[in-house]
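The following pair of complexes shares a single chain, chain A, combined with chain B in the former and chain C in the latter.
Let's turn to the complex of A and B:
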C-alpha cells in the first residue's frame, strides 16, 4: 500500500475538485436527537462545508448507494400481446467520502455474496465499480463492537483512506484511480514523524473498544438453538424490519411487479426486505415457515453469525450497532450475544 | 479539465456479451434476462393443475438450454410476477419443457387463464438435481405424494428412457382422492412397460375407484427391498416424505441414498434474496434436491 500526507488545506481543494466533477455523497448533519446529540446521514452534498467528517455514526448505512431500497431490475413494454424487455445498469460515477472501516468492511462482505463466483450481480458490480470511496479513521462509536467481529480495520475495498493527524491527513492509497486523483493536489511522502503519529492514532482507537465474546458464536448458535434468550427478546419485537433496513450488510429482498396506468409497461422492481417481516418465508396456500417472531429473530442472528461464517469464514455483522440504535423495542446485538454467552456459561 | 472518473460500463464486459447460459453460475451475465418461451400446449390435469408445454422461441437458445431432472426454472409472466416451478419433463428434449402448475395465487392464477401461444419468460435452470448417474446398476424407488408427481415426473421419464441402466424400478404414487391424481392418462403407458412396477393408492376412494385405498407407506410394505442396492427419490409434502423416509430407513436404506425435493419461497434462484433459506442453507443453490441425511441436519427443515 502507498501512503501520502495531505495538508488540511489541500484536502479542501481535493474535495472541491471532486464536488466540481462528480456526485459526492458524504456524512451530513440532519438534526439532533432528543438529548441534543447530532444525527448524521450519508447524503449528496454540494459544498465542502456541508460535510461533517467528525460524525460519530449515521442512522442509515451507505448500503443504499449500492443496494437501493427500490431498484428497477427490468422493464417490459407491451405491444399487442408481444412484450419486450429492457435492462439498464447504473453507470454514473459517484464518490462517497468519509466511510468508516465497518462500512467498508460491510461492502467487502456484500462483494462476497453479490460479486463472488456464484451468479455475480451486474446491478451491484456496476454501482460498486463506479463508486470512488474515501474512508476515514475515527474513535469508536457508542455501542459499536466492530473490533470484536474484526471489522475495525480495513485493508482494501476503498480507493483512499484517511487518518486525521490534527493538521494533516495520513492517506492510504489502495487503487490506481485513487492515486491518479490524488495527484491533482499537492501531497508529500510521509516522514518518520508522520508514521509515528499515524501509529499513535491507530493504537489510541484500537485501545478504546469494549470486549465482546463472539469467536464461539457459530457453535453457540447451534447449541443455543432452543435457548430461552430468543423468546425473551423476540417477545418485544415489533416485526418492523428497521434493523435490516439500517444494517450495512443485510441484503435480502423481494420482487414486485409494477404495471403502468395505461398497461403499456411493467417493471420488475426489487425491494429490500427484512427477515423480521411476517410473510418473509410464507408460501402460496398460506404456509409460513417462520410464523413466530422468535424463529425470525433467531434466523437473523443465525444467518449473520453461523451461516455466513460457514460460507466465508467470517461473520456477516460488522458490529456497527445501527440495528441496536434504531430498534424501538430496545433489541440489540450486544445484549443478545451477551445473554447467549451467559446462558452458555451456566 | 477532463473528468476525474471514467464511467465503467459493465455491458462492455466480454462475459456479458456471451450468450445467456444459467448453467454457468460463475459467469457474469444479465441475471434478469429471460428465455422468451411460447406456451405450445395446455393440458388440464385436474381442477387445480394444468400441464404447460413450452418451447424456447430462439433457436440458438433452445439448443443451449439443458437441465437435469429435479432442477427448477423461474417462470415470469411480465406484469404479474415470477415463480419457481420444477421441470416436469424429460431432459432429453432440447429447449422444450413441461411444467405442471397448480393454481395457487396471482401468477399461477394468470397462467391458468392464458391460452396457447402466450409468451412467458424463463430463467434457469437452477438448483441441484437427482443424481441419476450415481443410481445406475441399482434398484430405484420413485415415490410421490400429491403434487410431488410434478417434480418426480422428470426422473421417472429419465429412468424409463434409460431403463437398461437400472435393476428393479418401482413407481409409487398416492393422493387424497382419485380426482386429484395427476397424469392419470400416463399410468397405462408406464404400467405396460414390462419391468416397471407402478402402484397408485388413494386415501379415500369413490364409486369408480377400484385400486387400493390407504397411505403410500402401505404400498411400500408390499415391496421386498435390497436396501443396500437401492436408491429412492421421494417427492411430496414434508409430512409424507418424513414417514416414507423413516420407513425406508428402518428397512435399511442409507439416508444418503434417499433424495427429497424441498420447497421454500423464492425470488431469485441464485442465492441473493435469502427468501429460500433453511437455517443458513440456500434451498435454491444447495437444493431443492437434498439427500435425507442433509435434510435431517438442516435446522428448521421439516
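Let's turn to the complex of A and C:
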C-alpha cells in the first residue's frame, strides 16, 4: 500500500474540488432520535460543511448506491408489431466519502456475488466501477461487532482510506485513480512520526471492541438447528424486512413486469426483497418452503453466518449492527449468537 | 387486437357510490396521462365522475363507500345480482373506513351530534362484505390509481393479482424515511399491508392502516412494542380502529 499525509485544510480543498465535477455522497446529520443522539444518513451533499465525518454510524448502509431499492432493468416498447428493448446502466461518476471499514468490506462481499465470474451483474459492476470511495477509520460504533467477523480492517475495495491524526490525515492509496485524484492537492510522504501515530490510532481502535464469540459458528449453527433459540426470537419478528433493507450485504431481490396501460411499453423492475417476508420462499403453485417466522429468521442467520461461509470462506455479515439497531422488536445478531453459544454450553 | 393468441377483454364496469367521500372514485379519473388508455381498457357504463350514461349492463361492479342505510343495503343486493365480479373499492367499502368509528358510540347520540334536531335514518356502519359477497377488495384511503390500473390489467389478462405480502415498513425503508418510532410517534407500518409506498410515515404522521392488515401480521408483538415505547392502550386502540381494517383481529 502507498501512504501519504494530507493536511486538514488540503483535505477540505480536495473535497471541494471533487464537488465541482462529481456527485458526492457523504454522511450527513438528518436529525436526532428520542434520546437526543444525532441521526446520520449517506446522502448527496453540495458543500463540505454538510459532511459530518465524526458520525458514529448511519441508519441505512450505502448499499443503495450500488444496489438501489428499485431499479429499472430494461424497458421494452412495442410499436408497429416490432419490439425494441432498451437497457441503461448507470455510468455517471460518483464519490462516496467517509465509508467505514465494515461498509467497504460489505462491498467486497457483494463483489464476490455480483461481480464474480459466476453471476456478474452489469448493473452492479457499472455502479461499482464508477464510484470513487474514500474510507475513514473511526472508534467502534455502539453494538458493532465487525472485529469478531474480521471486518474492522480493510485492505482493498476503496480508492483512498483516511485515518484521522488530529491535525492531518494519514491516507492509504489503493488505486491508480485514487493516486491521480490526490494529485490535485498537496500531500507529503509520511515521516516515522506519522507512521507511528497512525499505528497507535489503529491499535487504540482495535482495543476498543467488545468481544463476541463467533468461534466455529457455522458448525455450532448446524448442531443447534433445532434449538429453541430460533423460536424465542422469531416469535417477536414482525416480518417487516427492515433488517435486510438497512443491511450493507443483503442482496436479495424480486422482479416484476410492469406493462403500461396502453400495452405499448413494459418494464422489468427489480426491487430489493427480504427473506423475512411471508412469500419469500413461495413457489409456483403456491407452496411455501418457509411459511413460518421461525424458519425464516433462522435462514436469515444461516445465510449470513453459515451458507456464505461455505460458498466464500467468510461470513456475509460484517457486524455493522444496523439490523439490530433498526429492529423494532429488538432482534439482533449479538443476542442470537450469544444465545446459541449459551445453549451449547448448557 | 389479438396478441400472443390472447384476445384482451374489455369488461363493462359500473361504479357505484355509497357512504364515502367519493375520493376513491375521483382517483379513477386521476393520473391524467393514462386516463384515456384506462378508459380504452374498460368500458365504463355507470360512473358519475366521468360519464353520464346509466345502465344495468355491467360485468364488474366497483363499490365505493360503506353501507349505513337500509336503502343502501337494498341497492347493494341489487347490484350483486347483476355483477359477475363485485369489487370493494377503498377502505370504506373494504372495512367500513372512518365511518365505522361511529359504531363505538350510541347511534342516536351520534345522529344528534351531526344532524341536531333533524336526525337522519342511519344504521351501524358495515363493510360491503358484511352485506353481500365480495370477489375482490382494493383497500386504500384513497385507493392508489396505479394499483387499480394493475388490477384492471390482471383482470383483462385473466391473471390473478397478488397484493404485496409485506407490511408498510418495507417500502418506508426503501424511501429512506427515518422511522417515526425513533421520533417518538406511533405507526401501524409493521402490521399494515404495504403497496402504498408509505407516504404517511414519510410525511411525518406514521401509518394509520388504511390498507388493513398485512399478510400474517404479528399483532401481539406489535402491541408489546407500542406499550414498551410508552403508548397508551387507548391511543393504540384508536389508531387500530381508525379505518376499521383491524376490526376482526383479537
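Convention: the second predicted complex is superposed on the first by the 342 of 346 C-alpha atoms of A that agree within 3 Å, B and C clash if a C-alpha of one lies under 4 Å from a C-alpha of the other, contacts with A are read in each partner's own complex, and residues count from 1 in each chain.
Here, contacts are C-beta pairs under 8 Å (C-beta built on N, C-alpha and C of every residue); 3 or more make two chains touch, one makes a residue touch a chain.
Since we're looking at a predicted model, the values are computed, not measured.
Contact with neither chain B nor chain C is seen for A:191 once the two complexes are overlaid on the shared chain. Shared-chain residue A:245: touches chain C; no touch with chain B.
Contacts of A:259 after superposition: both chain B and chain C are touched.
Put chain B and chain C next to each other and count what each touches on chain A; the higher total goes to B. With both structures placed on the common chain, the touch criterion links A:18 to chain B but leaves chain C unconnected.
Where the contact sets of chain A with chain B and with chain C meet, they give residues 259, 263. Those residues of chain A that touch chain B in the complex are listed here as 17-18, 21-22, 73-74, 76, 78, 81-83, 85, 87, 89, 91-93, 95, 113-114, 117-122, 125-126, 129-130, 132, 177, 181, 184, 222, 225, 251-255, 257, 259, 263, 266, 268, 273, 275, 280-285, 289-290, 295, 299, 302-303, 306-308, 310-311. Within the complex, the chain C residues that touch chain A are 3, 8, 34, 37-38, 40-41, 149-150, 153, 162, 165-167, 169-170, 173-174, 176, 178-179, 181-184, 189-191, 214-218, 221-222, 224-225.
Taken together, the chain A residues at the contact with chain C in this complex read 30-31, 33-34, 39, 41, 59-60, 64, 69-70, 235-242, 245-246, 258-263, 271-272, 274, 277-279, 293, 326, 328-329.
Touching chain A in their complex are the following residues of chain B: 1, 3-11, 16, 25-26, 28-34, 76, 78-82, 104-105, 108, 118-119, 121, 263-265, 267-268, 270-275, 277-281, 285, 299-300.
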